[in-house]
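Some structures to go through are shown next.
Here come two complexes built around chain A, the first alongside chain B, the second alongside chain C.
Moving on to the complex of A and B:
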């Protein structure tokens, strides 16, 4: 206990240096938490996917579509209890260079969508209004707040994949059941897309970008995928059926190089924490070599010396780690604000917090290791002889 | 009177362990800073240099990328007839109408499916894109289901060697050549005959039309006549290089923003490290400073000696960081290109600007880190300094 008291006293002998070290460590811990949160935000779509949904898309790639006639055939596949479908619309809303305007715009089937996606919550009356108007759309709560969309507003989008100027009327604002639901999307009626495309490009009607299958039994997933893909294997529009998780993963894995370099960077940060802390402890012990020699002369054992140096190191590390964690939340909050639609879900995971704390503690131990060894090995006479 | 540079240099050497620890911190930060700049620059090189200033690309107005653009055959044929367009030795206009589709192929290392662009081109395309050279095999024959693959496709994807076949949409394509394109984004593509690709993928519409002008300055004249024709009003003309630069803006910008946030945070850590080291250097040398002052060195000289010491530290760290980062130029990575929705391979590209920016960054770090301790050193009074033990 007395050793701890001495360690605390020691760490404030050079209060400026201690404070600077704590600042250095807290900034490093904050950026560690920040980078890890960005990586998990990237994977948010994968984490949010449901285990009872499968996606059937064109086997060649996402840019090819599937005939709408597949819907009735898919419904008859054993194990499939519901089918919905959608198309990526894309388009340009206002200035495309503003990140804020880059939110997903997707054509869906309002009749089947909400039973397959129970996590999208829309009030009864708004759902009815959404189904009633052909050019109706619904927007997520977050998107509505960001752009100030209200019910009755018109959203005008310039189409690119589907050329022309498109007007959508906001008929509802959906909320997510929990924090993992993407509230930045705009959803509108697939029939509106199909009818309007038919007016200018009659050859492109009756096409769905992907089908969503509801498979209640986990044991059916593999057989459903095989049955569906075999059904269309020899047609021009052959399919690839996979779990929703695998489908989301395929988008994330395309940018895996950036994710890897971010992860590497987060480890480099731990190295920096270590350097800053070791530097401080090395300096502090060098200045106090004579004191340690006196302590040794008085009969204090190696354990006491280790506790003294290690205690100071841990104290600084833990203080830095705690401040850093506190700073992580505003930092990630600011990031979420800067890219509201690129990263719809930004949450600091418990694992991130645990890792940040662990790295601070490990740094505290490692930083004390080298200087303590040096003091333990030192001969008392040499210590007493040293001139600071 | 000035304190000689060797004083600062030797002071660093005397406290080797601390110096090395601080140096390691600065080196790491300079390395990360340089690596991020190199990455953003690599994306720009891969994408911007795909375009040429002499070429004009026609895409649909409001299309944000080549993939989402649509140019129908009629418009493409009309564009070919304009007088501003250059003609080849055989008298045909130097125009290529391209179709761009995305297919899935298995990667070699991870065996994951990933997206690859397949581009269909007209026979004149090779004259329009002289940076593309066959490194092995031969050019595909127009009128057949033959393809040539870019170098990075052949390196990263399974079965993409000469003699291999690629299957998609119930059609089979024989690989007859591998091409090199000076590290541009074409190296991440597969090339085929547009007239074969269109029916195979069921696309009756081109994505873009690229043409060479007799005089590159005639873009405005061509634009005007294209706009006047009601049949081609939906088409927008851009210089190819400017178009690709626009396409790279999002990705390069994203890397820069994220990179800047991270390095600014890092550099605060490194500055703190430098401040700690320099404060320790000052307090350890109080007697020394007092001696220097009593010998007649002025406060200003003391200040600059300590500033030089920390800046020296930073410059060495910066150079070491650049040296480490230059090793990264052997690494090629790939990421999704939002414009084509497929993988783009790019390298870490070192440039003079990257080196200068990193050095400036390191010097600023060292200066800021050394400033406060240097002021303290300069302010010490002679008597007190000499008296301290």
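Moving on to the complex of A and C:
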């Protein structure tokens, strides 16, 4: 206990150096936590995917649509217990250069959507109102908060994929069942899209961007995918059916180089923590060689010396780690606020916290290793001769 | 009765492949209760001899027995334990821990004992009283004069009640008045508390205080 007290006192002999080291470790730990959280946020859609949902889209690209007539055929596929569909609408809301104005706008079928996506919670009366009005839409709670949308408000969007000026009336505000559900989307009636497109571009009606299949048994997933894709193999709109997770993953993989770079960077940061701390501990130990020699002369064992050097190293590492973790939360919070719709789910995962803590602890141990070994191997007479 | 026995003790250092002999076939005894002064010019090997007796260095050859223990046969950990029980050190430059108070510095060797906090406090206060610094026990080394620092170092050396006290140039870094105080204290520890003391010095006035003197020259006793 007394040795620990000496380690604590030693830590602050050069208070400026110790504080700068702690700040350095804090920034590194915060950066590590921040980068990992960003990577996690990027993968949030994959993580939130349901295991019983499959997506059928055009086999060439998502930009090609599928006939709406597929819906009834898909419902008859063995193993499929429900089918819904949707279209990416796109469009421009207010100033397109403002990040917050970019949020997903998707045409859905309100009759089937909510049974396939039970994680979207919408009050009964609002659901009824949504179904009733053709130009009704619902928005996520986060999106509503961000833009101040209230029920009855009109959201005007300038169409790009579907040209024209589109007015949507907010009839509901949905909430997610948990933190992994995206609350930044605007969902509106597919029929509204179909009917309005039909007025100006009759050739584009009756098209769905993708189908969502509900498959109750996981063992049927592969069979369903094969059956569906075989059904349309020789049609004008052949399909690609995959699990929702794989579908989400295909979007994320477009940014795989960035994600890999970020992940590598997060581990490089751990190396930086180690170097910063090792530098401080090596300097501190070198300055005190004579004192360690005196302690050894007095009868202090290798165990005590390790406790002294290791204690000091751990103290600085843990202080830096704890402070860095505390900073991670406001940093990721700021990031979430800056890009609410691009990264709708920004959560510092328990694994990230555990890794950050473990990194700090491992750095504390490793940084003390070399100086401890040096002092343990040092002959007392050599240590006493040292002018520190 | 001999407390320290050296028989044909030699010590050499190696610098690359070059052997540098420091002590050659040293044989002598130090009796219990003796106050021995080891004298000699710089590089004569007196500090090396003191280090061997204190068990912080090992002879290259010969037999070395201190407190009836052949210390060159002990392992490093056994030697560390032996030192903590039998040897008290006084260094030329005091070597106090700057972050610890006088009390905490003196308490350091007791942390290796089985004494509880209260017992440690009693021992530390007694040691500081002996050296006349009980009123300065809350002071840090930088708040003390050189003579006071050396007295704290002596208190640290005697707090475990060691069999043998070794002092390497204890007055070497002090002014005349402080040096006198330290020598008086060492004399008192020897006469009043019956401590066996081995003191390395090249100061003839300091050597005069010892009951017996040994002279080393080029690694040999003269």
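Here is the rule we use: the second predicted complex is superposed on the first by the 388 of 388 C-alpha atoms of A that agree within 3 Å, B and C clash if a C-alpha of one lies under 4 Å from a C-alpha of the other, contacts with A are read in each partner's own complex, and residues count from 1 in each chain.
We adopt the following convention: a residue touches a chain if its C-beta (ideal position, glycine included) is under 8 Å from a C-beta of that chain, and two chains touch if they have at least 3 such contacts.
It should be emphasised that the depicted structure is a prediction, and the values quoted were computed from it without experimental measurement.
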Overlay on chain A: chain C relative to chain B, clash or fit: fit
Greater residue coverage of chain A in the superposed arrangement, chain B or chain C: B
Touched partner set for A:75, first chain B, second chain C, both or neither: neither
Touched partner set for A:379, first chain B, second chain C, both or neither: second
Touching partner for A:203 - first (chain B), second (chain C), both, neither: first
Which superposed partner A:59 touches (first chain B, second chain C, both, neither): first
First (chain B), second (chain C), both or neither touched by A:265: first
Touched partner set for A:238, first chain B, second chain C, both or neither: first
First (chain B), second (chain C), both or neither touched by A:254: first
Angular separation of chain B and chain C about chain A, which is computed from CA centres of the superposed model and rounded to the nearest 10 °: 90
Shortest CA-CA distance in Å separating chain B from chain C in the superposed model: 11
Overlapping contact positions on chain A, where the chain C interface meets the chain B interface: none
Residues of chain C defined as touching chain A within the complex: 48, 51, 54, 56-57, 77, 80-81, 83-85, 89, 91, 95, 97-100, 107-109, 111-112, 156
Residue numbers on chain B that touch chain A, as the complex places them: 17-18, 21-22, 24-25, 28-29, 32, 39, 60, 62-65, 67-70, 101-104, 110, 112-115, 168-170, 201-202, 204, 234, 249, 255, 257-258, 261-262, 265-266, 268-270, 272-273, 275-277, 279-280, 284, 333-336, 341, 343, 389
Touch list for chain A against partner chain B, complex: 16-17, 20-21, 23-24, 27-28, 30-31, 34-35, 38, 59-64, 90, 92, 96-97, 158-161, 163, 203, 234-236, 238, 240, 250, 253-258, 260-262, 265, 268-269, 271-273, 275-276, 278-280, 282-283, 287, 335, 338, 388
Residues of chain A that touch chain C when the two form their complex: 2-3, 6, 9-10, 13, 290-291, 294-302, 379-381, 384
